[in-house]
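Both complexes shown next keep subunit A, but they swap its partner, so subunit B is in the first and subunit C is in the second.
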Partner chain A sequence: MAFKYRSNFLYAAFGLVTILLAIFLSGCWDRREINELAFLSSMAVDLEGEQRLLTYEFVRPVATGGGEKGGGTLNHRQATLRSGRGETLIDAGQQITTGLSRLVYLAHTNAVLVGEEMARRGLGEILDFVDRNPELRRTTLIMVTRGAAREVLTKVQGDIETTLGKEIMGLHKWVQSSGYGFIPTVNDVYFDLSSETATTVLPVVELSPQPFPPVIGAGTPSSGGGSGSTEGRVEEPETVRTVRLNGAGLFYHDKLVAWLDADQTRGWAWVRNKVRRAVLALPCQENNTKVAVDINEAHAEVSLDRQGEQLQGKIKLKVEGILLEQQCKLDFTREEAVKSLENRMAAQITVEISSALNQAKMAGTDVFGFGGALHRRYPEVWRQLEGRWNEEFKKLPVTVSVEAKLRRTGMTGRPWQPGAR
Partner chain B sequence: MGEKGRISLWQFFLLVTGFLIGTSTLIIPVGPAKQDAWISFLLAGTLGLGAAYCYTALGRRFPRESPLQYASRVLGRWPGTCFNIIFLWYALHLAALVLRNVVDLYKLIVLPQTPVEVVAGVFAGLAAYAVRLGIEAPARLGELLTPFIIVAILVLTALAVSVPGLVHWEALFPVMERGPLPVLRGVYPTFVYPFGETVFFLVLLPFLTEPRKSFAPFARAVIIVTLLTTLVLVRNLIVLGASETARMNYPSLIAIQMINIGVFLQRLEPVIIFVWSFTILLKLIVVYYTFTLGTAQLLGLRDYRPLVLPAGVLLTFLSLSLYDNFSQMLTFAGRVYPFYFLPAYLIYPVTLLLVAKIRKIKG
Partner chain C sequence: MPGPYRRPLRAALFRRRPKPAQQGKQDNNKDKQGQPGGGNSHTAPYPSLEEYRLTAELKLNLEQLQTIFARCSDVIRRDFYLGQAIKVALIYIDGLADKKLIEDTLVRTLQQAPEELARSLAERTRDLTAVMEMVMPMTDVAVVDNMGSLVKHVLNGDTVLILNGFNKGLALSTRAWEHRAVEEPITESVVRGPRESFIESLRTNTTLIRRRLKTPSLKMETVCLGRYTMTNIVLTYIEDLADPAVVREVRRRLESIQIDGVLESAYIEELIEDNPDSPFPQIDHTERPDKVAAALLEGRVGILIDGTPFALIVPTVFVQFIQASEDYYERYYLSSFLRLARFVALNIALLLPAVYVAVTTFHQEMLPTNLLVKVASQREGIPFPALVEALMLELTFELLREAGVRLPRPVGQALSIVGALVIGEAAVSASLVSPAMVIVVAMTGISSFATPSYSMAITLRLLRFIMLILAGTFGFYGIMLGLLAILVHLNTLRSFGVPYLAPVAPWNFSDFKDVLVRVPRWAMNSRPSQIGYRDPVRQGAGLKPKPPASSNPAPERGKS
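Entry: the complex of A and B
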């Protein structure tokens, strides 16, 4: 009996301790309430003299459900901007917190925009800022702007996503379907910059004004006249500033040294296997008409050969496409027409690649990975050239060979003929 | 000595596996071998098999005794006691180091605002509870969770490799560009940590249901962990690159952060934090248990359980005062530890084995 009593007491004591532990060990120190956090979506980093100018874009919290209907406001950017200045990035970030009613929460940061001046000074501190902070992740996307990054971040309006960070996430996912670029993560940039050639390519993001349908009942003052009835008011389409990718910046070590235009960017992307789809508009040999080929397979190999002392770079690219648009009347069910089109496909891609290659050579940035190919193939040669590879690369002869295939002609074969019956 | 539990060979296998995964997938030294670090690790695993053979040979010779008990008989009373005290010091020190590893991880990533004393206290308290329950409790814990841990690591690795554009196989090449020497130089530290640390299983061997058959499960655990860790190492190298893997404090964590499949399968690092929390806890329990039971055996106590709480307090405070900062930890782990640990994993068992053989002493 006494034993039983003792065991009950033990149970009670155990239960009490458990409850107390549950109360005291629930992690009070690291408790975070969602409604007390300011979620960072993207940020822009600029250099102003010796000061770092940091602009944060936060997700502006909206009351979901039962919002105003037809107001169009929900399609607009739901972002709050704050900026701060400081000697270092985190210092500038601290300045932002002095004017914020919530705790800055960095773990959902999608993108970092780097201003041109900052990029010329060096990405190092930005990469380090992202890498060292346990809240920021290496999946953060990074790109450059021409001029100040702040301009893009503050001026963009956007009409599909609610923040620029989200827009860029979407761009990152789909841009490779055009072939005109690639948005790398911080990890990609670290990988590139710590590889043999220590170069990388960051896409340029810029503002792009697009028409926006006028909102019913909210006409612009110039077109509307007096308030009151919406009838009879003429509303002009408005302009909304969105972002788009246009070209890229070439980086040697962590510094911006040159630009690539959009076509050159695609030339680079072909070689680095960053093109998932691309459209080529090619002449059709018939009074200025064109055909469009949709490339949906592309695979490139970069290699290096050595004959005696002479190094020879080689880019081999295999692409496959499908005929998607035809202005002329050429019959692409005929073998010869296909062959000649394939030659023109290869020629145009070669032009894009050569143009990118020349630009990279001029800047002395081996963004195609010849250095790595050399290191893997001839480690002893690489060790001799390692220190001056960017100079060697400028002199490196490179042959570009493109093998293009037109596999299919879409849903139809021969072109349409009027009155063919 | 107050331990009446028995563990099966299967439980022993999973216990060694969990112990070895312990901190080794958390911190894998890349060292001088750079992109060939995985070769170093494979070779270290082979040496680990040798260590396993040596430890289980002792276990076979003294099937129902712990080294703390037979050392005096083998080496003589005073030398044996000296050896035992040194051995126990290493157990205490390793337990403190292991606890510190998990505390550092939590302080940096999981609970930055929480005082380290609380994190350390919670882990040490959990471990103390398990140690007090006897060897069967941790053995069952290992049996329950180690299979999931292995599956989790394999799945996370498969996911990382299948992220489009994330892996760069070329980061593994050229293989052994500077000849085999850097690779060989990388073998020794990766052998001591984690394989040399399995020496503390000497104290657990007597509790096996069939102590004479301990080599097979031990070797299987070493092989599995060698392959698993090599896989993890290769994954880190192809996702992050050799120099970045070497530079980072928690390369596996970053490699797993990079998993992003179709935008919905992402932010999986809590999984790996769980894996580490569990395996490090398991390792802590084993070493902690070794220390308390060993001390009881050394002092000739009938029961080891009164020592559990004092030992826990001791190792908690030792772990918090082991080093002041990260750079001390790096220096210690990288330069000092492989040689500092030599008496425990090599001199102690090998001396015992050789002297016992020469003097023909058996259990």
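Entry: the complex of A and C
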């Protein structure tokens, strides 16, 4: 009996110790109510002299209280901005907390905008900041702006989404179907910068004013939502500043060195297989009319050949497209019409690629991945050239060969002809 | 082990019978009564009537009975002459005995008994058995020779016939009393399947089972429990299938019960379960005879209790609580889907509020951004922490449910309107609780009702509060700790020797045919290995029906 009592006591003691350990060894106790947090949606990083200027865009939750009441409110931006200045990014971030009634919560940050000056100084510290912080994720999207990033973040009004971060998330998802843009994540950038050539391309985000339909009877001054609040009935459409992607910045290592315009960006995107869909507007035969082809399949290969000491870069691209519209009256049931259209497709794509290639060569940053191709094909040559690949790339001859196919001509074959049966 | 049996203060008056063996002998041919065969002194639950003796003097006997049944207005005594020669008396309880039978058949037959028989009885040349053999119009007759058993027979609804000059009586089974008709089961209704339910009358219940299992192997042992209620309890099993060790153990546990009264199966359940400290039910109960029959066919043991429509089934394993009898009556695809759905519902009922609280107070990074913003904007302006909000709503829901169960039906409806409208709508528009929390609590409520077993549902409901508090203090870490504790606890449970989590732990693949899914009937070839191992083969192999080799015989040539 005594033994039994003793073992009972031991069991109880053991259980107690286990429970206590389970409770107190669990690490930090980070209970925080959801409405004590300020959710960061996007941030802008700028350089002002030697100071880092950090601008945070927080989601401003609108109390929905008793359900959805009074629909039809303006879907303007529901965001709160705060900015801070400091020697380092964390410093600047700390300054923001001094003016915020809630805890800054970074885990839902969608996008980081990098100002031009900061980008020329180098992305390194931003990447490190994102990577090192336990709350921030590597899936955060990153892009650059021409001029200060703060300008874009503060001036954008938005109309579909409520925050810039959400807007950029949506862009990230769907922009590739136009072929003109792409938005990499921080992880992608890390990946790019760790490759042989250590170069990357970040898209440029800029403000784009768009008309916004006037709201009928919006006479009360409470409306307006940030745009120049107008008294009484608004007849003219307001102008709303939204964002769009336009071109890209070329980076050598982590520093911005040159810009690409929109067409060049697509030229680069063809080669790096970033185009999911694209529309080519090609000249038709007669008087300035056009044919539009929808590219729905594109695959590029970058390779390097060596003939003697001479290196020769090769870009091979295969695209397939569908005829979407034509302003002229070509009969695409005939083979020669299709062939000539395919040639024009190939020609246009080649122009785009060459343009981007020239820009990259001038800047001396191998964003097309020739260095990697060389490393895989001729590792010993790569080892010799590794140090000065930058210069080698500038004088690398590159041939671009595009193989274009027109797969379908849409729902009709022959175009409409007056009186033709 | 329960403590020693405390005798009532009147122990001097109602002393225990010293020799139960003596008693057993006389009751052999009348085992409806069923004495616990034990022979332990404490198994004689009825206050002894040892002070009284049956004598040969009818008048004396009747006087004694008068004393015993003093102030019992429902006891009826009727004296008359058998065959106009010997004086006899009938004693029965009005309402328990079949009065029509007694009046129309018994009394008339006895009064018109041949005079010669009566005279020979009076002269003691013939024994009491002659009455049974020659005039008695009934089959179920027992000889009683002591007052204790006489009184017991009367109390059970039998009619006792005492003859002058004999120190024995005849107990005639005339039991017939008012009881509910066999109706549709209320707690376990089905769309397809038998619609009979047990009722409060034990005999009807045993009949319902016997009608489904027409085999002499179906055994029905009777145990009488309850010092005052004298409740008959039937232990039923199929002798070829049930594990004799389990049967023995059930019998032992039943017989060791000493209690003043048994009014419901829960009395027995609580007194015989393996781990009385566990929140989990370890014995399944049902009011469906087909469910009991199915359990008996698996080798389980059923316990029927007089006075309640609920039968107990042992041994019980955890999965039984997510099996519904309709699973076996619908197509197996649907049954399997529903069973998986119930499993999900079980988890929701236990965890959903806890997970919601944990996510919104600890792990905001786990929500998709859009959802998070929605939740955050709903919580905007809510004055309580999520945990308090959840506890408040859960408690309200529980109170509503409890009030709805106890109230008469018309009032209950008004209550549900008040609950749904006032609490739900008004609390949300007053920004006291967030709409998301109302949805969570509603989901939880629906899920807990989706568990077929009410007893398991209430267990989960209770554990839900513990999980909620754990989640509110430690987040997912707390939830995992709680789940681990529950899992460890479930692993320690056993029900009559069978591990509670069988066949998951210990693992038995062949038993999985009836756990997460229900395989078709033609594939259920074996009984549960932990329970029906004595005769594992349930049916012939290759029962899967096939079309005939050629369903359209080729037309014979030459004939048209």
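We take it that the second predicted complex is superposed on the first by the 366 of 421 C-alpha atoms of A that agree within 3 Å, B and C clash if a C-alpha of one lies under 4 Å from a C-alpha of the other, contacts with A are read in each partner's own complex, and residues count from 1 in each chain.
What we mean here is this: a contact is a pair of C-beta atoms (placed from the backbone, for glycine too) under 8 Å apart; a residue touches a chain by one contact, two chains touch by 3 or more.
Everything numeric in this text was worked out from a predicted model, so none of it was measured.
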After the subunit A overlay, clash or fit between subunit B and subunit C?
fit
Three-chain overlay: angle at subunit A's Cα centre between subunit B and subunit C, nearest 10 degrees, stands at 50
Quick check for you: in the superposed arrangement, does A:39 touch first (subunit B), second (subunit C), both or neither?
second
Could you tell me if A:190 is touching subunit B, subunit C, both of them or neither one (first, second, both, neither)?
first
Figure out whether A:110 sits in contact with subunit B (first) or subunit C (second), or with both, or with neither.
second
Quick one: is A:372 in contact with subunit B, with subunit C, with both, or with neither? Answer first, second, both or neither.
first
Answer with first, second, both or neither: which of subunit B and subunit C does A:173 touch in the superposed model?
first
Of the two partner chains, subunit B (first) and subunit C (second), which one does A:30 touch, if any: first, second, both, or neither?
both
Per residue count on subunit A, the busier partner among subunit B and subunit C is C
After the superposition on A, what does A:138 contact: first (subunit B), second (subunit C), both or neither?
first
So, A:59: does it touch subunit B (first), subunit C (second), both, or neither?
second
Between subunit B and subunit C, what is the shortest CA distance in the superposition, whole Å?
6
Taking the stated contact definition, name every residue in subunit A that is touched by subunit B in one complex and by subunit C in the other, in rising order.
29-30, 169
Can you list the subunit B residues touching subunit A in their complex?
108-115, 118, 122, 165, 168, 170-171, 173-174, 177, 239-241, 243-244, 254, 257-258, 260, 263, 266
Provide the residue numbers of subunit A that touch subunit C in the complex, in ascending order.
22-23, 26, 29-35, 37, 39, 41, 59, 61-67, 105, 107-108, 110, 135, 162, 165-166, 169
For the complex, give me every residue of subunit A touching subunit B.
25, 27, 29-30, 134, 137-139, 169, 173, 185, 187-188, 190-191, 194-195, 274, 372, 375-377, 379
Looking at the complex, which residues from subunit C come into contact with subunit A?
360-362, 364-365, 369-370, 372-373, 375-382, 385-386, 428-431, 435, 473-475, 477, 481
